[in-house]
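For clarity, chains are labelled A, B and C in written order, and residue numbers in each chain start from 1.
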Amino acid sequence: MRNPQLNEKGELQHLLTIEGLPRETLTHILDTATSFVGVTAREVKKVPLLRGKSVFNLFFENSTRTRTTFEIAAKRLSADVINLNIAISSHTKGETLLDTVDNLSAMHADMFVVRHAQSGAPHLIASHVASHLHVVNAGDGRHAHPTQGLLDLYTIRHFKKDFTRLSVAIVGDVLHSRVARSLIHALTIMGTPDIRVIGPMTLIPSGVEKLGVTVYHDLEKGLRDVDVVVMLRLQSERMRGALLPSAQEFFKYYGLTPEKLALAKPDAIVMHPGPLNRGVEIDSAVADGAHAVILSQVTFGIAVRMAVMSILAGN
Amino acid sequence: MRNPQLNEKGELQHLLTIEGLPRETLTHILDTATSFVGVTAREVKKVPLLRGKSVFNLFFENSTRTRTTFEIAAKRLSADVINLNIAISSHTKGETLLDTVDNLSAMHADMFVVRHAQSGAPHLIASHVASHLHVVNAGDGRHAHPTQGLLDLYTIRHFKKDFTRLSVAIVGDVLHSRVARSLIHALTIMGTPDIRVIGPMTLIPSGVEKLGVTVYHDLEKGLRDVDVVVMLRLQSERMRGALLPSAQEFFKYYGLTPEKLALAKPDAIVMHPGPLNRGVEIDSAVADGAHAVILSQVTFGIAVRMAVMSILAGN
Amino acid sequence: MRNPQLNEKGELQHLLTIEGLPRETLTHILDTATSFVGVTAREVKKVPLLRGKSVFNLFFENSTRTRTTFEIAAKRLSADVINLNIAISSHTKGETLLDTVDNLSAMHADMFVVRHAQSGAPHLIASHVASHLHVVNAGDGRHAHPTQGLLDLYTIRHFKKDFTRLSVAIVGDVLHSRVARSLIHALTIMGTPDIRVIGPMTLIPSGVEKLGVTVYHDLEKGLRDVDVVVMLRLQSERMRGALLPSAQEFFKYYGLTPEKLALAKPDAIVMHPGPLNRGVEIDSAVADGAHAVILSQVTFGIAVRMAVMSILAGN
C-alpha cells in the first residue's frame, strides 16, 4: 500500500504525519527550508512561488499562534490566504466536514492547512480531495503535528549537524503530545541512536518503547549527557485532572532548572514548542539562558512551513 | 423614477437586487463571468483589475461561507480586502449604520459588500454614499441575494443554454428564502416560461403567483418534466417552530430522492445554494449523484462575483 | 536620558506618545502625511514602501475601528498585515506579554501596532524588542493615542494653518480620554497659545492645568471665540457610573448644539474622534453641519498612519 502522502512519483502530495516518510523527503524539506531562512532575513521578505494560489487555513480548533505561522509563511510566498475558523462557521449549520471541503475546493483552493481536535481529520480530507489539492496537517488531536516535528528537526540539525551521534531527551507530558510523537518519528527516520522520553508514569504512554525510545521516570538520570533537551508544554487541563498532583509538584520533579540542565552535555541545547509555562515545566533561568534555542525554533518554523508549502505546490 | 442601481448612463452602479434589472445587464454579467471562469482555473488565479482598490466586507450578519466567496473573488481581482464583522464592532458602541458607512467611506473605500439581517439595509447604504462608491448586496433579510441569483442563472445557462424553453422547479422553504426570490426575478427577466414553486402551504408566501410562478404543494406533480430542480435549504429554526412538524416529515413529502427526481426530465440538473441538510431537503444519493451541479454553482459563484465587482469598479 | 522613542540619530524609532517629541518630528510626520493624502485619492491607492514587511496588529483590547485604519494604512503601503486579537489567543494559555512579543519577533516581524488596556504596555514592548523593530501605540489605557493626536493636529493645520494664533477647546470627558491627553501635548509642542478643557468637575482630571491648559466648567464661556472645538466621546460606561447623572443631563450642559457653537469664531471647525454619540455629546445638526470636519479627520487619519509607518520603517 502506497503512503497516502506521496504521489505516484514518490513526491510529497500532502504532509499529514512524519511517520513513514523517507529520509530523503525530510532532508529535502530541511534543505529547502535553509534557502527560506535567507529570505525571511531579507529586507523584502517575499518570493513569488505561490502567487495566485489560494491557501485556506482551515482551523476547526482555535490556535492563533499556529495559524499565524502558516499565514505568514503563505504570505511570504505571495499566496492569497483565507483564514477560516470553522468552529464558528457553517459547521454550526450542520454541514459535514467533507461538504465544507468540497465547497472550498470548488472555489479553486490550492492548499488546505488543517487543524482539528480529532485525530485523522486531515487524512480524511486528503483522501477525499482532487489530486491537484494539497493538505498540510497543522495538528490533529493527539496524533501528529508534522511541521512542528520538522522545525524541531531543522533546529537540531542546525545546532548539532549529525543526527547519528545524538542523545535527545523529550521531557514532560509525552502522553498527550503530538509534538513528541512527531519528533520521535522524525528523529528515528534520521537515524538518531538515543531517544529518551522522561516523565511521570501517568504522562508516558504505555508501549512507547515500541517507537524505539527509552523511558525514564527520573529526570536527573534521563538528562545525563544528552545533546538535546526538548521540554514539552504541560497543558493546564492536566493539572486540574487526576494525572498530576499540582504544578508545583510537577516542577519539583520534572521542571528544567539550571542545576538539572548541568547534567546534560555542556553544549546541550534546550527546546520547547511554546507557549512556555514558566515555573511549571521550565525555569525562567533556562528559558532565557544561553542553552535555549526556543526562539530559533520559531524562526526556523516559518522557513520550514514555507518549504513544505512550496514543495507541495510544486508537486 | 430611475432604478437606484443604475447610473445616469444606465450602467450598473450598485448590485442590490435582480428585480428590475434589464436583461442586457444580466447577460453582460454572465458573459463577463465566463471570462473569469477561465482565470480561476489558471495556475496564477489573479488579474490586476482591482489593484489598489479597497473592498470592505461589511457583515452585520455573520456568514463565513458567503464572506469567503467575496473575499476570494476580490483577492483574485488584486483588491485590498478588509473584513468587518460589525456585530462585534462599533455598532455595539451605539454608532448608527450610516455613521459607520460614512466613516469607512472617508477611508477611501471603493466598494462595500453588505450583509444585513434587515431587508433594505444595502439600499439605504447605496442611497447614502458618494457616487464613486459601489454597494453589493450579499444578502439582506428575506429580501434579496442577487449574486446567488446570478450564479444560479449562470449555472442554468451553462448547462441548459436557452432560458426561453425551460421548466424550473424551486422546492422547499420559499417563504423565508431570499435565494428563491432572487432566482425567480432572474429567470423571469431572462424569459423562462415555466417557473414552479413547490412546498407545504406554510412555507409558500401568499400571493407568490403574482411573480409569475405556479404553486405546487405536491412535489411529484411539481417535478414532472422539469429541466432544473432548485432545492432550498431548510433552516433548522423553522423545524423547531410551528411551521413544520419535523425534519423527517418534511423529507418524506419534500425531500428530493432519486425516485422523485426520476419524474423530472432525464437530463435535469439539481441545484442547491448550500450548505446542504442531507436527509432533510435532499437525499445524499441525489446530492452526490450525476444530476447534481451543486459544486459547479460554487465555482461559478466566484466567477460571477468577480464579474460583478469588476463591472461595478469599471463604471 | 534619551527619549525612548528616538534612536541614537534622533530619528523616530517607535511612536509611543506625543509627549516629549521635538516639534520637527511632528512637522515631518504631518508633511509626509500630506504626500499620502494624494496617494489615497488616486485610482491605485498603493505604494510599495513596505513591500515584504510584516506588520502585526497586536490588539490586546478589541477595537475594530482603530484596527481597520492601521490595516488599511499598512496594506496601502504594500505590507503584509497580520491581525492578532490577543484576548482570545495564547494569552489565555498563560503566556506573558513579552513571550508573545518575542515569539512574533522571531517570525521576523517588522512592526507592532499595539493596543492595550494597560497604560505603558507599548513602552514595555518597545523597550524589550530588538533595534530593527518598531512599535506604534494604538491606544494604551488612559495614557496615550498618539496617531489620533497626530491626525487631530493634521486636521487643525489643514484648516487653520498656523498653530501659534489658535484657541482650541477640548470638551467633555477629559478625565478618561487618551485622545485629549495626546492632543494637548501635540498642540503645546506646536506652540498653540490658548488650549481650553471644558467639562464637569467629575470629568476633568485634577492638576490638568499643569499641562498648560485653562479649565472651564461652563461650556458657553469656554467656547467663546475659539477656532477649534474638539468634542470627546462620552463612554456609556461613565453614564452608568456615579460620575454623571444621565446622558440627557450631560447633553443639556455639555452637548454641542448650533446655538452654543455660535459662540465660537464664525469659521470655527468642529472635531470628534468618533464614534459619535449623537444627542449625547454632539447634536446631529452640528455633526452633519458645515463646521464639522469629522470625516476629514478620518481621511487624514489614514494618511497620518501611512506617514508614521513609512517613517518608522525607513529609520
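Convention: a contact is a pair of C-beta atoms (placed from the backbone, for glycine too) under 8 Å apart; a residue touches a chain by one contact, two chains touch by 3 or more.
Everything numeric here is computed off the predicted structure, so don't read it as measured data.
Participant: By how many degrees does subunit B turn when fitted onto subunit C using C-alpha atoms, rounded in steps of 5?
Facilitator: 120
Participant: Same or different interface residues for subunit A and subunit C, judged by whether over half of the residue numbers are used by both?
Facilitator: Different; most numbers are used by only one of subunit A and subunit C.
Participant: When the centre of a chain is set as the mean of its C-alpha atoms, what distance in Å lies between subunit A and subunit C?
Facilitator: Those two chain centres are 41 Å apart.
Participant: For subunit C, which residues are shared contacts with two or more other chains?
Facilitator: none
Participant: Can you check the complex and tell me which residues of subunit B touch subunit C?
Facilitator: 51-54, 80, 82, 84-86, 88-90, 93-96, 99-100, 102-108
Participant: If we count contacts the way the header does, which residues on subunit C are in touch with subunit B in the complex?
Facilitator: 40-46, 62, 64-65, 68-69, 71-72, 75-76, 236, 274-278, 295-296, 298-299, 301-302
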